[in-house]
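Structure incoming, see below.
For clarity, chains are labelled A, B, C and D in written order, and residue numbers in each chain start from 1.
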């Protein structure tokens, strides 16, 4: 196995506060890697540094050996780093079909085609259909996203990220707030993600973490506290004290 | 040269009194009230009518201008402004432009479209010289009044209970509400005060800026520049912005008359580019 | 691959979104019929067509990309003066003037887009307003070129294609403006239904997600801003050519404010809003100005106030009822 | 004060077109499209002219040369695009035989191509840039030209011991006309001139007057559109320029009769050259002023009114001369050389330029009783527009 996404001594400060403190981290190819930590540990900041929303104060980010520290958000997406958000960020006035079409078109570099007809682009259509089927959105593809149930919206959030055909997928609490009835379907979706996609899962829910993750990194106060296999991390006394102590339902 | 500086300061002072109400309402309710100038015009016309029809002296008509505009502010805030707070900026802009149109045409219909003229009392006419700098009595009077007002406002804003509540509400209306501050009533009062000040400014400005029904349209841009450049969270911000604008405008016309109003608009765009939050706004995280 | 049945469905669904609704066909048939129906009203019809094109231009940025502007007159004026000056000093050919006006406006849009594409809505409103005012002052002070406050005099247009002369009844002018409007409308319709148009709606809906989906947001916005500027420039060029006169008024604030009103009346984000708004606005203005020539501004103002306070739902309800069932994403408010 | 009058006028203006329109259907009608700024900053111009036009029709009747004159009043708000569109609509839809009015130079210029294309006389009753009559062979002017009024001022100033003049004019056609014609003439006589131009929409004269005050000239030559004259006057005095011995001179626009009384004593002593004063000493003028004030209580006719009055008379006279033939070429031919005694004195339409030839008077603003008037004390007879005369 080789590293896909790596950071080296990543630091981010806001004023006097250090949100990310010297994080060196590596995501292996095909990994199911969980990033956990108590609230305010700097998980979101870290994800924002990985995806280019924020620029680090110092340190580097690299993707398959290439430095991407200076690249914009959209350039990173083009290179294969996609993400979902903790709070849904959807094109609410669109239908799932339109939203997936948009991402697909961008991936295929059609974004500046002013006169292309959407229904005349076979390659894009095939790809869109594939995503819709994979995420079981066929039946609702023509309904306005804003009117769909929350669990479906969460599904679309993941589908939209996946439609960018990433090699690295960052899932920010994918099941947060999803009602029990829709939860199973959503977890199946996550489980069914193809093996060649490396997944970084930011999660609170230990149930989900132990179900999917093969590796865990614990972030506390912006630093990496420890990293290892789930069983090992779960036994770690420092982790228990810093984190698991609060969330007792292991 | 110094005379021009003096003129610019007088001009800026009037602009400040005209616009400061707008800056507070914008900060407090996040509401874009382009019709602010209509209240100023009301104050101006009240002064003109009182002086011409009832023969009231100039000084006595100034408080009347303030009161009339403040009263109009209270009534309109209650009746038509309140439902607008929840709407988008764009809707607010359209709404208040509509009010401006109504004010302009309504004034034209009632009082005619000509420039209004008032006769200042003798002791405010003419000028004197200090070290070769010509100082107009009226401009000195305006600077005096507006300066006092600015100091009083700053004091009221910083030191009184009303002021501290207002500051809290401007900072974060939701939190202030949670603390039991009656934000709506506070706002109604502020709106009235701001409108009244605009009315007073309109009255003081007749001699300097003229007064005709198109006043709210002509000066809307100036008010907006003061507010956007000065920021909405302090008194000193709009004050400095008004001074800057007044002096730059007058100086610009004096030094490069052919550039006209070009200078101040360019200034506004440049300042907004450098500091989109307003030149004197507090940094917020 | 999940088989071709789903692909077929996807294809059909995408096609359905761009297919012509019967109401649209009826709209354009009526527009064409107006030519025969109102032979004495060509002048106002011409003004409507130009205003509609101008509103279409604003709709492209406001309705499709969510950019507010209180200074769209900057591009109208740029197009008008460019076309007027070209006709006066270089060539009187209308189509050359149209192209030139569009090009200069697009360039202006591209140059000013970095200013406009930052900050909040309020900052945008102010900056667009400021840019238009600056251009007003520039045009005013370049009196040797633009005629300053006296307006640009002495424009005479050559016949279109060398055959159709601009007549005093405005017949050629209206036909010309209507055709330009129609062609540019077709292009706009094609564009908003393209991947590019889809990405704009994405930006309007959610910039965060758009960027996370690989859309280069600033570049797309700059592109649509320049395109919208070109449309406004075309409207300006038509104005200059059909009235054979340009005054500083084209840069004036009330142009931008009226335009906003037009689009708000018609509703943004489905291309027809500007057209319907322009028709309603002009007839309203004409009707009011006929029975009270002096104070129409008051009634326009009252209309605006009532409209924002709650009349909008009424009118848009009526429009929607008229069009029966517009495609779902239609009149998104 | 102005309230009731304005309301009344509003109704009348609206009613004018309607009532005249209905009453005149039976007889053969010649329509006159009267386009004026009735709203906006130049509304006073429109109202003066409209009142004068109505006065003429009331006095002389509407029937001339066997045809009934019908006036259709339209408001262009002082916006040139609107003027042009209204003119076109009047020609195409209302089939007017004559276009009249035109409060500002751009408005007249924008309409000129319509007059040419439709071959319809365009009677300019107010706008005063010299070049207007050259914009179309169908334009005839009954107001004045700024060079016509400004050049005599240069002569008067030079012969009265003024050597250095500072000019302040509004930055648009008429202002530039006034500045250049005065400056050229005055320099040719040997004087020195400094100039500054004020933007058309300008809230504050202070910075411009400050320049004047520092230059300490013998006289300040000023042109501003009537209406903002009062504001200018006040600031002139406020800046102490009168006490510093700077004489205020210029064409008569700044001491417009319409608003002169409202200016107060600051206006006293201004020397102006113009073609009309409400105090012009002639029987024709006294009758005109009396009738005008009777019909419009509280309003004094100004130079705009006399332009409108004579303009309407010109149309009537031309129609009489052609025996009711309202074709454009015939009317224009009849107008050329027309001559009569106007309230302002003897006037003639120059057959060569279609511009007006008239007396220019030198006046001083003085108090007569409790009112301010421009008292004429010298006459330059039969002045042609000097710009076109030189060609």
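Simple rule for what comes next: a residue touches a chain if its C-beta (ideal position, glycine included) is under 8 Å from a C-beta of that chain, and two chains touch if they have at least 3 such contacts.
Predicted model, so just to flag it, every value in this text is computed and none were measured.
**Student:** What does the chain connectivity look like after leaving out chain C?
**Tutor:** A | B, D
**Student:** Looking at B-C and C-D, which pair shares more C-beta contacts?
**Tutor:** B-C
**Student:** Per-chain Cα mean versus the mean over all protein Cα atoms: which chain has them closest together?
**Tutor:** Taking the mean of all protein C-alpha atoms as reference, the closest chain is C.
**Student:** Compute the centre of every chain as the mean of its C-alpha atoms, then state which one is farthest from the centre of chain A.
**Tutor:** Centroid comparison gives D as the farthest chain from chain A.
**Student:** So the centre of each chain is just the mean of its C-alpha atoms; given that, what is the distance between chain A and chain B in Å?
**Tutor:** 51
**Student:** On a C-alpha centroid basis, what's the spacing between chain B and chain C, in Å?
**Tutor:** About 34 Å separates the centre of chain B from that of chain C.
**Student:** Quick one: report the Å distance separating chain C from chain D, using the average Cα coordinate of each chain.
**Tutor:** Spacing between the chain centres: roughly 39 Å.
**Student:** Give, as an integer number of Å, the spacing between the C-alpha centres of chain D and chain A.
**Tutor:** Distance between chain centres: 76 Å.
**Student:** For chain C, write out the residues touching at least two other chains, lowest number first.
**Tutor:** 140, 294-295, 297
**Student:** Going by the contact rule already set, what residues in chain B reach two or more other chains?
**Tutor:** 105, 108-109, 258, 260-261
**Student:** For chain A, write out the residues touching at least two other chains, lowest number first.
**Tutor:** none
**Student:** Please list, in label order, each pair of chains that touches.
**Tutor:** Applying the touch criterion to every chain pair yields A-C, B-C, B-D, C-D.
**Student:** Under the definition above, what is the set of chain C residues touching chain D in their complex?
**Tutor:** 40-44, 47, 140, 143, 148-151, 153, 156, 168-170, 239, 243-245, 247, 249-250, 289, 291-295, 297
**Student:** If we count contacts the way the header does, which residues on chain D are in touch with chain B in the complex?
**Tutor:** 1-3, 6-7, 10, 39-41, 43-44, 171, 196-199, 201-204, 206-208, 210-211, 213, 227-228, 230-231, 234, 237-240, 243, 259, 262-264
**Student:** Quick one: in the complex, what on chain B touches chain D?
**Tutor:** Chain B residues touching chain D: 3-4, 7, 11, 52-53, 105, 108-115, 117, 119, 125-127, 134, 136, 138, 207-210, 212, 214, 218-219, 249-254, 257-258, 260-261.
**Student:** Quick one: which bits of chain D touch chain C in the complex? Just the residue numbers, please.
**Tutor:** 10, 13-14, 38-39, 43, 73-75, 79-81, 84-85, 88-89, 91-93, 105-106, 109-110, 112-114, 117-118, 129, 135, 171-173, 199-200
**Student:** Under the definition above, what is the set of chain C residues touching chain B in their complex?
**Tutor:** 68, 70, 115, 118-123, 125-127, 129-131, 133-134, 137-138, 140-141, 253-254, 257, 260-261, 264, 294-305, 307-309
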